[in-house]
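Mind having a look at this structure? Questions to follow.
As written, the chains take the letters A, B, C and D, and residue 1 is the first residue of each chain.
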């Protein structure tokens, strides 16, 4: 078993790159004035902001969670690799959503939500594996905080799954829900206890 | 509350990637000799250099500022995520400016300046949140340096906002001002006190 | 001779970027409904998943191996640069494979396998250089673990080379073998001893 | 003045990203069989390998040099930002060279060499600024090694400048020289003293 320093460097790298790659996908249409083209890209800006904030929230929580974890084993490393695989995949559905949001594509909204639901489920698996293996927790980990985080994971995945299903009714509804979930977590800073 | 080590790794990653992605946007037109095509890309080189230097300056200051900050809380982390969202967004207006600088597009110059003004405002918010929350400052932070940095933030945002507004008169004027601001900060190395 | 901290940061950066760039290559065809286009990209998803998992496994092992290495010299650094050159190259054959998997291109499957075989050989060279230069090993390195890792490297390269050669018979067979090798290593978590 | 830890993280990030982005530029022509297309890209592979090895060598030396530097000031940080600006620019001339190597474009070979010459000059400036400011050197820096590195910088820049000028005679000659310089440094591992 090993300390978490290098795991965090690698994870931070994938988060930072996935978040930064999101912008590469935005391109102007080339039709009409530059001002018009810039304004016409609003679905891209919306998709970029929702995705960046969501990845940012996940990263902030990853940050909080890792202060409670003292050691990792190979199983934990592999779950983390699968989790990062989904993080690194997320620029793709974001681009598809940005390109097809104006036409109200339910498939694009569903693919986007499915990716983030899988991310939430996989992140939950990562956490529960650590939380139920006491030897992975830091010696000074606050066990009440550990239970609090465990309680908060199940509703997170469920809420994402429901928002994803809502895309089958309306793509716009689903996107509003995705944005709402992101904003909820940004403002609900007491999620993992005061000033986690 | 937690130490700043991992926050700095993640931030450095976003800075490094955003700065490096800038080059991906430059492509030759394919018309005329290679030498001619290489020379014709001067607006791209100018936009690349201004953006890279500006990001470099912001990174150097971020570096100086973080030596004064000892701990972060969740609110600080979220302001930083929004700040990084703007940093990661900056390759997009840079590319738009490079593509439309020769035709003197005011919209492209305005979008570029607006992005950097928002970056300055958001960076100021990050700093003032830390500077007015003593418990976030490092125990050995020099309070005179803290006040000095606080005084330097307001004019920075204002100067960027004015340069942005100048784009409504002339795109070329605005670009000269953006370059001038970047060069001013490069040479004004005593900004935050001698050898900050 | 120097410690391994900075080498690991640089290596983690290349791993994280190469793994994350894999997704940039996936684009929709633009023909048919969005749902149809998303489903039609399954060879891209398969190639992405196999490559990400393989890079993830190599990274996890790199992580384990470096806990046994205490110092590096310039020769080690250069072998590592060549190794990282192959890691950073891997998104290219992955993209070629994704684009030509449906048509069963043996050349694409061969190029993919050749890249990963060279990666395995180069990684083996890196390891054997360290394992046979005792002064590079950490003072507290478990010599039984060192021998165990040495024994596991030879079959790894051989298995990849055989899977690569199988592409000359059938591209599909080779891809199944590449996926099988990745999954074998994911589940065979006791490869380098229990919970390495 | 501050320690070099964060500077190294940021620098490593730029090196890692610039090196990894090199591969994004390679694309198949789409004409002929996949095997034929893969083989026809040899100028891209050559340009990729020369650039990656060169960046790798610069990184290894950066690594060695920083073990001798104990502290940095703002001037040093800004020289480093300009140096990294050239590192991050290098994927562009690499791509141009790869695209125009077969037609023997002197302009492409010159632009490539000019970039690497500027990189060498800027890296020299970074080193001499530190070497002539004793307070930046680590307390335990070996002054004989410092003088040795100083002596090796001047010929490095000169050799690159001459190779660049040779491109005006023949692009192929220049590329052979660029490759030769990279290989010379790879094998001349005693450059900065034995096992620096």
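Keep this in mind: a contact is a pair of C-beta atoms (placed from the backbone, for glycine too) under 8 Å apart; a residue touches a chain by one contact, two chains touch by 3 or more.
Since we're looking at a predicted model, the values are computed, not measured.
Taken over every residue number at the interface, the positions common to chain C and chain D amount to under half, indicating a different-residue contact.
Each chain gets a centre from the mean of its Cα atoms; the one farthest from the centre of chain B is C.
With centres taken as mean Cα positions, chain D sits 36 Å from chain A. Work out the mean CA point of chain A and of chain C, and you get 26 Å between them.
Chain contacts: chain C has residues 9, 13, 17, 21, 24 touching two or more partner chains. For chain C in complex with chain D, the touching residues are 1-2, 6-7, 9-10, 13-14, 17-18, 21, 24, 73-75, 77-78, 81-82, 84-85, 88-89, 91-92, 96, 99-100, 105-108, 111. Interface residues of chain C, counted against chain A in their complex, comprise 8-9, 12-13, 15-17, 19-24, 26, 28, 33-35, 38, 48-49, 52-53, 56-57, 59-60, 63-64, 66-67, 186, 189, 195-196.
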